[in-house]
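In the two assemblies presented below, chain A is common to both, partnered first by chain B and then by chain C.
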Partner chain A sequence: MNKLIVLIFFLISFSEHESTSDQFITRQGQVSFFSYTSVENIEAKNNQVLSIIDLSKNEIAVSMLMNAFVFKKSLMHEHFNESYIESDLYPKATFEGQIIDFDPLAEKQTKIIKGNLTIHGMAKEVEIKTNIENNNGSYLFTGDFEATVKDFDIKIPPILAPNIAKIISITFRFEYQPYEK
Partner chain B sequence: MNNNKSKIRSILLVTLALIVGVSIYFRFMNPVYNNMDRVSADVEVSSKELVSSYILNEKSANSIYRGKIVEVDGIVKEVTFLNNRNTILLYGSSKYSSVICDMQSNQIEEVKKLKKGQKIRIKGVCKGFLKDAILLHCILTNTQIDE
Partner chain C sequence: MTITAQDLLETLEKEYPDTPQYELATFKASRLSIGHSIETRKKGVLEIQAFTRYWNIPNYGGQSFFVDKLGARIALEYGISDRFTFGAGGSTLDGIFDGFLKYKLVRQRSDGKGSPLSISLFQNMAYRSKRNRPFADVNRFDEFSDKLSYTSQLLIARKFTPQFSVQISPTYIHRSSSVFPDDPNNQFALGVGGRYKLGGHVSIVSEYFYVFNPLESTNTYDAFSLGVNWELSDVMLQFQLTNTRGMTEEEFITRTPNNFNFKDGNFVFGFNAIFVLHLSQKKP
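Showing the complex of A and B:
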């Protein structure tokens, strides 16, 4: 009987360990976006992006607060949150996707991550080419992609249209650590 | 007489325009977080209480803390310099959630001296909650913490 209890305890501990060791987390991922026009260049950074990867399913989830993007000029921050992104109504942007043909053991690889990007309450399927590095069991995901403002139902007033690019460049850097539950 | 009236009107208009102009300048060009050491906090709370309010009800916690200057006291869980940021994580009410405090660049020397387990007080702008509560533009405050 005692042996059985020990065995059950061992199996539970082992299964818990296994399920968490497949997950990696970053709470301080970095996402930047750039809007280049002849009138002005706008850049903003968010350094508190949350992301979890699950190696058992090759899945990735990302979530960020839109009002945590920092701009050089606070007027831009104001316009971005109040007029374009409406961060009171849509406080978070999210991404959920699948890392295609991911090899968790490879030291360096470039893979496509396919999934749904939701900004301003609008979801859009995207494919993002991502550089993945495995540094002794922690992972670094970096890359860049472009997003079209129109796809996310973001309305730019005509007077400001020349100041905002129609296509925004987005870069990201996520340094994951094992997720200890 | 009429000439005087129009002069007064012009002076009033110019004064009004100046006041509006200066207010806009200070509102946008000199945001409140540039003077974080001189502005008083809207809310004071412990890091554990801040996290537990968010876990309990994110919407109601947002109505209290989001966009506000929050002074939070808590115990240092971790200090990181990832992506050239100076970040302090304070213990929250659960093992899985903390308060992420993104420090202003002028705080670096003080941040470097911090040790895990140290009790500190931080003032910053609360942005909301993901898995942790997020505070930006933070400074360390010297306010005495009652043990």
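Showing the complex of A and C:
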């Protein structure tokens, strides 16, 4: 009986180990966004984006703090968090999705990631074309996509409408390492 | 699919490093309405400020358009570091020149840990170059040092909700000289102010300064202000209805000669325009 319990425990711990080795994480993912208008260019970068991929289910999740975006001007940072994104109420932006037809062994591939992007408390289904590189068991995801400001219920007063692009371009770069708890 | 991806998001939730999160922008500008707020300018930011006050004089026979009198103040404020600001300015009323330092000592944390309040220290020195004839002045004008005053403030604020912030400002004012022996050289006051954000860019603000030991030689009243703050990218505009014409602490806290009402001479309309220049920019 005792041996059986030990065996069950062994099996459970072994299977747990199995499942975690399918997960890869980055804690220093990079996300930048750009808003180009004739009045002013706004550019911001977040170097502390968290992301995790699960190869067993081809799933991906991304989470970032909005106030970790660094702007050229400190006032832009304040306005972004205070007046537009309202990071008091919605501190994080997240993405959860599935990598379509992902081949974990291919060295280089371009795949579509389909999922829900949540900014300012509003979720929007998006499809993002992503370049995936496999470097000896670590993964590099890069790509860019566009987001429409209106989709996320971000209010821009009419007088400032010329300063902020209606469509924001977003680039990302995630270097994943095997996830150990 | 979404259920398991949610699990991944929960995994990420635990991976956030435990870096302290501070409240951003308890107030937007370095002035709440008439008095200083806890806010300091960020490093390398230069503010160019133009403040004006407009009021009427009862039974004034002048030919002035719109208002009888106008007071103006031009000032600069510079962020030496994110928490330390230096400023200097000149006001036309009483010819006051002043310089000040403001240091953000404690920052309110937004993550529920650490301090529930923000505290800033404020110290200024003001030099009064003009007499207010034909009225009696409270300070002497013999020596240079007679015309100096010093204001020390402990600015304590809390952002209760994203919209609502409150500040209390215990204030100590020292005037270097008095003409009348009954007038106190050291005066104590308590400022109370708040802001309520109506939207992302507009807030209503109000401020009141209670003086514990007012001047004896003249009737003075506590300064009160009701205003609207509006910010537009690099420009901040502050409008106020107030009873005080002064724009430096010693003047508006201790020497406001009229009450707040809409009679000529008592009612003052104020307008602050603040332009923000980023002299050093970060590389994103």
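By our rule, the second predicted complex is superposed on the first by the 169 of 181 C-alpha atoms of A that agree within 3 Å, B and C clash if a C-alpha of one lies under 4 Å from a C-alpha of the other, contacts with A are read in each partner's own complex, and residues count from 1 in each chain.
Everything that follows uses one rule, which is that a contact is a pair of C-beta atoms (placed from the backbone, for glycine too) under 8 Å apart; a residue touches a chain by one contact, two chains touch by 3 or more.
The structure presented is a predicted model; accordingly, all values stated were derived computationally and were not measured.
Overlaying the two complexes via chain A brings chain B and chain C into a clash. Of the two partner chains placed by the overlay, chain B and chain C both lie in contact with A:L75.
Looking at the shared chain after the overlay, A:S83 reaches chain C, while chain B stays out of its contact range. Looking at the superposition, the partner that touches the larger set of chain A residues, chain B or chain C, turns out to be C. Shared-chain residue A:Q109: touches no atom of chain B or chain C. In the superposed pair of complexes, A:N163 makes contact with chain C only, with no contact to chain B. Within the superposed three-chain model, A:T142 lies out of touch with both chain B and chain C [touch as defined at top]. Contacts of A:Q28 after superposition on the shared chain: chain B is touched, whereas chain C is not. By the touch criterion stated above, A:Q98 is placed in contact with chain C alone, chain B being left untouched.
By the document's definition of touching, of the two partners only chain C reaches A:K155; chain B does not. Of the two partner chains, chain B is the only one that A:E175 touches; chain C does not reach it.
When both complexes are aligned on chain A, the segment of chain C among 78-86, 150-158 or 222-230 whose C-alpha atoms clash with chain B is 78-86.
Shared contact residues of chain A, touching chain B in one structure and chain C in the other: 25, 27, 48, 50, 63, 65, 67, 70, 73-75, 78, 91. Against chain A, in their complex, chain C makes its touches with residues 1-2, 4-6, 8-9, 11-13, 15-17, 21, 24-25, 28, 42-45, 110, 162, 199-201, 231-234, 276, 278, 281-284. Partner chain B is touched in their complex by these residues of chain A: 25, 27-28, 30, 47-48, 50, 63-65, 67-68, 70, 73-75, 78, 91-92, 173, 175, 181.
Considering their complex, residues 28-29, 31, 62, 66-67, 80, 82-83, 85, 87, 89, 96, 100, 102, 127-128, 130-132, 134, 136 of chain B touch chain A. By the touch criterion given at the top, residues 23, 25, 27, 32, 40, 43-45, 48, 50-52, 54, 57, 59-63, 65, 67, 69-75, 78-79, 81-84, 86-89, 91, 94, 96-98, 115-116, 155, 157, 159-160, 163 of chain A touch chain C in their complex.
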